[in-house]
Every structure is written in C-alpha cells, then in structure tokens.
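Submitted below is the structure of interest, expressed as structure tokens.
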Amino acid sequence: MPEPHFVLTLSCPNRPGIVAAVATLIFEQGGNILEAQQYDDQATGQFFMRVVFNPAAAPPGGPLTPEALRAALGPLAERFRMHWTLRDAGVPRRVLILASRPDHCLRDLLYRHSSGELPMQVTAVVSNHPRDIYPNLPLGDIPFHHLPVTRETKMEQEAALWELIRSTDTELVVLARYMQVLSEGLSAKLRGRCINIHHSFLPGFKGAKPYHQAHDRGVKLIGATAHYVTGDLDEGPIIEQDVERITHADTAEDLVRKGRDIERRVLARAVAWHLQDRLLLNGRKTVVFA
Amino acid sequence: MPEPHFVLTLSCPNRPGIVAAVATLIFEQGGNILEAQQYDDQATGQFFMRVVFNPAAAPPGGPLTPEALRAALGPLAERFRMHWTLRDAGVPRRVLILASRPDHCLRDLLYRHSSGELPMQVTAVVSNHPRDIYPNLPLGDIPFHHLPVTRETKMEQEAALWELIRSTDTELVVLARYMQVLSEGLSAKLRGRCINIHHSFLPGFKGAKPYHQAHDRGVKLIGATAHYVTGDLDEGPIIEQDVERITHADTAEDLVRKGRDIERRVLARAVAWHLQDRLLLNGRKTVVFA
Amino acid sequence: MPEPHFVLTLSCPNRPGIVAAVATLIFEQGGNILEAQQYDDQATGQFFMRVVFNPAAAPPGGPLTPEALRAALGPLAERFRMHWTLRDAGVPRRVLILASRPDHCLRDLLYRHSSGELPMQVTAVVSNHPRDIYPNLPLGDIPFHHLPVTRETKMEQEAALWELIRSTDTELVVLARYMQVLSEGLSAKLRGRCINIHHSFLPGFKGAKPYHQAHDRGVKLIGATAHYVTGDLDEGPIIEQDVERITHADTAEDLVRKGRDIERRVLARAVAWHLQDRLLLNGRKTVVFA
Amino acid sequence: MPEPHFVLTLSCPNRPGIVAAVATLIFEQGGNILEAQQYDDQATGQFFMRVVFNPAAAPPGGPLTPEALRAALGPLAERFRMHWTLRDAGVPRRVLILASRPDHCLRDLLYRHSSGELPMQVTAVVSNHPRDIYPNLPLGDIPFHHLPVTRETKMEQEAALWELIRSTDTELVVLARYMQVLSEGLSAKLRGRCINIHHSFLPGFKGAKPYHQAHDRGVKLIGATAHYVTGDLDEGPIIEQDVERITHADTAEDLVRKGRDIERRVLARAVAWHLQDRLLLNGRKTVVFA
C-alpha cells in the first residue's frame, strides 16, 4: 500500500446506489480508491463496506484532507443510515494487553509487535499476577501494571483497569489468555474493541482441563477461537478459528502445548485484522474483509 | 509396495522384547520387513504394532507361507496376550455401503472405488429408499438392495440387513450418510468394522439443522468426523476429523454444500485407512498408523 | 448469489473516479451491486475491476436490461479506454476439452461437470487418440471427436480443430493433458481463452520423465501450474499453482500418481475461475479475483 | 517421551533380519523400544532405521548402560555393515549459527531456542558483519564473533571459522541466510552437519533479485528449500521445502517479505529434525523420519 492511505468502513441497510455514492464522494474529495470490499447480508438486508484510498495525484477539486472528508461523509451517512469509521492507516492503534499466568500469547504479541508485524502502540501490559512471574519479558518501554483481583475486589480492580484504559486512550483491549471473566458492565463498555482467545474442540467439552478431556476422547483435531467479548462468556462474535492436527501419539501435555501454538496464531491473526480495520460487527457475527 | 505383501497388526500389554520377538519370528518364517509402526500408550500400558512384510528372496528356513506364519504366531500371541490380524494385502476387503436420501458420500465412494483409490470389493449398496431416487448411479455389477424401515419394522429390517452382511461375507460396513441409527445389538455385532460419518462444529450444536445453527452463530470453520459405530450415537472411537473454512459470505446453503465436501473427504480417508489395516482400536480411541 | 445476476469485468489505465463512474452507471441502469473487486497495478498504472450485480427491486430509472446497459457502457469505456466484458451468469460458457492418452484430467473435468461444480456446457471432447482407449468415459450427450495428428498432418488437424471450435461457438478450450503443442497461429487465435496444465518442480527439471528426475533429486514437494496458452510453450500467464508433499518413501511412480492428483485439482480450479469471470489478463500475468 | 531416552539411527544394505537383530540387542541390553521407523530404498537396496528407547523397568540382564550398548552394537554393525549413531536425547546438540546482513533467520532461531522449541546449545553466532548492525539481538550468554571476509581473506576467514567450530565442539552449523558460499574444503569437513536455506520458485529463476523475477513472471507460489551443504552450491541433499501463496496484489517487496517468513519456517523445521536425529543421508537425498 502506498503511504499515506486511509481506511473507511461502513455498514447500513442495503439499497442500490451505496457504492456509487461512496465512490463518488471519495473521488470528489480528492481520493483515489486502492481497494474496496463489500458484502450484502441477504438474510438481514444489511450492507458492509471497507474502502482503502490515498490522495489522488492532482485531484480536480483540490487535495484530500481528512477534515473535509469527514464533513462530507456526515450527510451521506445520514441519508443511508450508516455506521462508519475513517482512519489514517499511518497512525497505529493504541492497544492494552491483559494477561494472567500463562504468558505464551502475551510473549507472542510482543514478539510480533517488535518484528513490525502488528502495527500498534502498546499502552500497557496488565496482569493479575506480579511482574516477577514473567522473567525476560521483552517489555522495552511498555508500562507493566499489576492489578491483582479476588472475588471481593473485582469491582475495584475493574474500575482501576477501566481508568487505565481511559487515561491511556486505549482503543483495543486484548485478553491474551487473561483467566478472569470480565463483568457485564466492563464488557459492555468495551463492545467491539476487546478480543479474547479460547480453545475449541469437536466435540466440545465442558468443565476443567478441556485438553485432558479431548485427549481422553481421542480427538484428531484441536482448535482455538478468537472472538469479541460480550457479557456472554466465550459467546461473542467469532473473528477467527483454526485447528491443529492431533494423533494418537500425542499426550495430554502435547495437546496443551499444541493448543498454545494454535491459540497464539489465531489471536495474532484476529488482532492484526482489527488493527487493519478488517472486522465489522454484524449482530452476533462478524464480517471479515481479510 | 512390492507385491505380494502381508500386513500384521497386533496389540498387547507393553513389555520389553515384543518388537524383537515379532521381528525375529517374521525373519525365521522367511519374511522381509518393509515397514513397521508402533505405539506405546504410556497411560494404559498397551502396545500397538503394524508390520508390513513380503517374502524374502532366499530365506534360510525356506519360503514364507501364510499358514506356517499363522501357526507360529499362535504361541507368540499367547505368550504376550496379543490380539492380532494377518492379512494378504492383495485380497481386497468386502465392503457393504449403507445410504439414505443424501447420496454425496455414496457417489464419492463409488467414484474412488472405480478410480482404483479404494482397494475393496463392494458386496452391496443398501438404502432405506428405492433405487429410482438415485439417477445415473454408476453401480456397474454391484447389487442394490432396498430395505425400507419404519419404527415398527426396524427389527425386521436390521435382521434382513444382518443376513445380507453375513451371506455376502461382508467385512466392513460403511454408513455413507445413512440417516438411521443402528440398534445397540447390530452395533455390537459390527464393533470395529462399521464406519460412520457426521458433521462437527466448534462450538457444537444440538438438534435439527446444525449447519443453519452454525451459520447463525457465525462460525469460521465447519468440520466432519469419521468414527467407528458403537451403541453410543456419534460417540464411537474417532478415526479422522477435518475442517473447511467458512466466511461471512457463505450462506447456510453454502455451509451445507461445503459440509458435503468435507464429509465425503473425511469418510473416504477413514475407509481407505481401514482397508489398509491402519486402524487399531484402543478402548474408546483409535490408533491410526497413517 | 441471487439469480439472475451479471458479471462485469474491465481493465483500463488507472485514474481517480473509475469506481465512482462504474458504480453510478450500474445504479442508474437499475442494477444493485452484490460484490466488487478491484486491483491497481502500481507498477504499470493499470486498473482492473470485477463487479457482480443483479436487477434492483424497484429502480428509479426503470428495470435493468442488458441491452441498455451495454449501450451505456460504450461511452464510459471509451472515456476511460476500458477493455470490458459483460456476462449473464446464468448462461453457461461453451467449453471444448482436448485430451490425449492420459485421461485423469479429462475424467475429472467430466465428473465435476456432472456434479454441478463447473457451470459449463461441453461442446465437444477431442482427442488425438480413438474413442476406444477411454473405456467407461461418462460422456453422456457430449460429442467425441477423434482428430489424429502427425507432424505432416498437423496443419490440417489444427484447421479441423479450429473449424470445430468455431462451428460449436466454443468460448473456452481446455487442454486436459493434451500432449501436443498448439501452433503459434492457433495459440494466437485462442489468446485468453485456452487453458493448459503442466507439472512444476522446485528446482525445475528439463527434458523427459520429469517426475523421475524429481525423484532422483529427492524433492519434498511437487507441483502443477495452470496457465493461459500463448505461442511460448509452458510460458503463458500463470493462473494457478499448487503443490503436494513428497517423502523419501515415495517412489517415482508415486510421484507420477500424486502429480496426477495435483494436476487435476489445479486445472479444475483454473477452469472454474475462468467460467466465473474471475481471471483478467495483465500483460504476461493474470489478475485472479478469487 | 519419558526421560531419559536414547535415539539409535542406522543405515546398511538391506537384508532380512535387521529389525529382529536390532530389536533383540536393545531388549537384551535392557532397553524398551518406544518408537521405531524404517525405510527400505527399493531402488538402491539400502535400509534406514531410527529407534527410540528408554531403560526398561526391571530388565532380566541388568540395567541399560550406554557403554555396554555401544560395545554390543560394534559386532552387530560390522555384521550388517551399518553406519550408526547413538545419542542420549537429554544432551542438547552444540550448534553454531552463521549469519550475514539479513537477520530474520538468525532472530527466528534465537527466538525458538529461547522458547524451548529447539533443544540445542548455541556455541556461537558468527557474522561477516559487525555486532552493531543487529540492534536488540537477544544473544544472552551466546558469544558473538565478527569474522569479516573478502575474496582475498576467504581462506584465512574459513580457517578461523573452522578453528571456532572445533574449539567449541560444535556439532551442527546452520547457515541462517549466510550470504557467502562455503569453499569445497570446508563443505566437505561439514558433510551432513551443515544446513543451508534458500528460496525456490516454480519455475526457477537464475541470477540476481529472484523475488523480483518471480514477481515479473506472475507466479502464484514462492518457496524455500533447506538442504545439507555440499561443495555443490544449493544442490545438497534436500531436507525440507515449503511454499507460500502469492496473489496478483503482492508487490515484489511483498514477495521478499513473504519469502522471509517461509525461509525461517523451513529452516527451523530442518534444524529441529536434525537435533532430533530424524535426518539420515541417502546418497544425494535424505530420509526424513518426521
């Protein structure tokens, strides 16, 4: 993608002329469309679109400015009853990572961040465990916050967490194997901008030690699911899923280890897509412009 | 694999010396080991082995004969408390296919059979629906039997089915989307030699129209599971599982169609492995020497 | 996709406003855009687009008709110097299949055709070998033509082939392991509508028996490439490539067999994309809106 | 795998009785076979085997000792003309990594090492570039050596390198995108214990900037090959190959970036297999007991 460029995402009730109206507006504002994806949900009549564009070389109406573009989008959005976002792809999103004792997802996100694969600014790493259980964690300049939690102090801990999210202008919260369930209230505040990862199996297993249950059942695949957090535990809109092959020779411990691999891979993919504005909410589901 | 060759499979409580004893016996009987796979289940102490061998060129003790080999295996099996099978790989297994209205798995098995991919002899195709609902079914010389069934006639239908299995010397029964549940009694008779296929999802869905439920939930993967039939519906030892990617753009009908693809692929793989003696039962699980 | 629907493909020098102009025209002609894909080749400044649309429910300017649409596209195409095609997706393309002795690709295409996977009408199957070397070929109503060829009769054979292509209104020619090289003249006539398949290796191998050479070299992957035919043998624009894993245990014959699998899979994918107007030529390369 | 355990690898001319002899020897020496893989090369008559075993609980002939085992293997190896190695899987291999300016493979190996994925002891990181071109390289205690090289000083540099390999008891040398060709002499000294990685394409491309050539040609796959180093540049026995999908939308720079991903993945896999004694040389080819 040539720099600079912008990403517009939108959803609205479907009707003819949306693409024409949006493309015409971008053209008139001095933009040059690089990429566009769209989706009509025939079942609900909802329309979804993602457009990437850069400033045109010599636009007839003068150079593109984000401010003028936003101003022009207002009336259009009203006419089509659109939800929309417009972002400068060059400004990295501000991301807070929450972790607990298992740190494979946390370390993986930090590694991909440092290698340039995840264009984000990490505002904080927060754990309900103290800093010293993570030896050699390559934090660099990223602040680490220890926010312990018990059943009795959960409200206070979540208040502190929320204050941290607010004060750091955090745009996305990633639950990197954070072993606490967020309350309904905090989940609601973070709707559409909090991503969680958990294991998935065919068939599913309830209760503790799911990898050990899967091993007892002799499954040949184990999986992981990344989803947006809602009040409903592990039931929010699914972003991405993937699986890993298991054989009879894998022990329950092997399953746990392979599960870690697949968890970090799926989480990283979901976070990357969010950072690139490729995810749009569609009720209980997601539209993924991958 | 050079022709002719033989496949020995065995399982027994693990103890040192099994491999040595089996390999020595095959050597003394005039066999030349081409391939051997084994597995120690550390949790249960059970040992599993599959050995492929052909007649050695000029064995010291005279040429290999299956009869002498079987006779020699008897005392060894007793000493190690082995379950074992010995098969001439050149003799195709006798297979009966059961189907209902959805015929994608049936047609796929017949196609792979005709293309030489599945070395089997199909003893019969049986359906609870009449022949004429399957236009252009390339049966060739394979007999087709219509065995209709109602709740009231289930016992009689299964008796007729069992008689057909017996009279045709059928070794393997494949439920190619047969939409009837086999009774506990028939399932028991077919233990370890009846393969079923069904869909699988992460998370799982109960009740009717599972693909539509999966679509409503916005899953990104759908899957299928092939397993041996036991009295427990859809709960027998898993042989193989696989998944297919789904996107937001897939309708419920697309899921059904992709589900058919993955069902036939997974079923074909499971049947091929059974035909090649690559599957050993390990309690509720399978060992797959793929 | 709801029926009926239309597919417009186009390419032209890139400049701002193309998407706006095309989307506006479709809207004004009574169309409702279902899907759109586009690509800017930054290196050459060429722009490519594929739009799928159906008739809008109650368009302001009256119902969509293909004729009016074509008429309206004319001036637009001239203004932007576009190459374009417009097709009714409900009218299957007319396809002629050319084969030689190895018939795995031919049989695979016929099978996928009969299962509804390839929406085409097969105008003829042509071989340089007689009909009776293909036992049980499920041709149904499809005419079979035997057009033998020698070095001396090549010009006459190609003339007969071209006459057949013309008289049957064939739109696409598929070389399904046709072991003859088309002449430069015939290749030129079939530019952009003749697909070939051949094996590919890393590293590449020249000369006869490439699978045996690959086996000697101990490769761990073998592949196949589908491409449009040009006068340049095996060097036309690449449409699709894929590979299959090889292990030390695979014999040269196994490579040949696995090669057949991958060849038919890659060819079927390329043909399907062509039938769905997903392939646009970009000089020596293709744009694939998959 | 239960600890401790041992890995025996061997190759010899094939003849009946090898498996029996090896398994019997391990049994008599107090070993319990956990896993065994073998391969008959029918074309060359060579036999290859890898056996993993641990000390049996209460062996009749007394406990297993590596010394007694080695002593017993001597006469057996002589009888069957075997090449063999016996290793205690608990003792990590000593590995030296060679790098140049592109450091993606070097960083990846260090990361996988620190995460426990590669059970090795890194004896040194050597580069023909100075330490300060690798900011934030997480070397920990690993010594870094700068061994610059010019055409004139190549002999001296390789002598210094060889002295370093010797004095550190290095068992495996990994060329992690080391952009210098090893001389024939050094390659010969490192036969079977020096792994290189390079890109691979279908079709192949000669000369400089291969990713740019592949982009011009419009390939849909790019790949990488890991191989043992011989005097023959990029022509040693292939260990592993893999590919990555490319689309028309990928620029030449995208190909370079995706190439880096696939190079590090393939190299890591090859190194892991070597560390686990899964690789046996078979002339110009490898046997991979993966």
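General observations
Labels for the chains are A, B, C and D, by order of writing; each one numbers its residues from 1.
Going forward, a contact is a pair of C-beta atoms (placed from the backbone, for glycine too) under 8 Å apart; a residue touches a chain by one contact, two chains touch by 3 or more.
As the structure is a computational prediction, the values presented were derived from the model and not from experiment.
A centroid comparison over C-alpha atoms places D as the chain most distant from chain C.
Over half of the residue numbers at the chain C-chain D interface are used by both copies of the sequence. For the pair chain A and chain D, the distance between mean C-alpha positions equals 38 Å. Chain C and chain D, compared by their mean Cα positions, are separated by 42 Å. Looking at chain B, residues 39, 42 sit in touch with two or more other chains. Against chain B, in their complex, chain D makes its touches with residues 2, 14, 16-20, 23-24, 26-27, 30-40, 42, 56, 59. The touching residues of chain B, when paired with chain A in their complex, are 39, 41-43, 200-204, 216-221, 223, 225, 237-243, 247-249, 251, 282, 284-288, 290.
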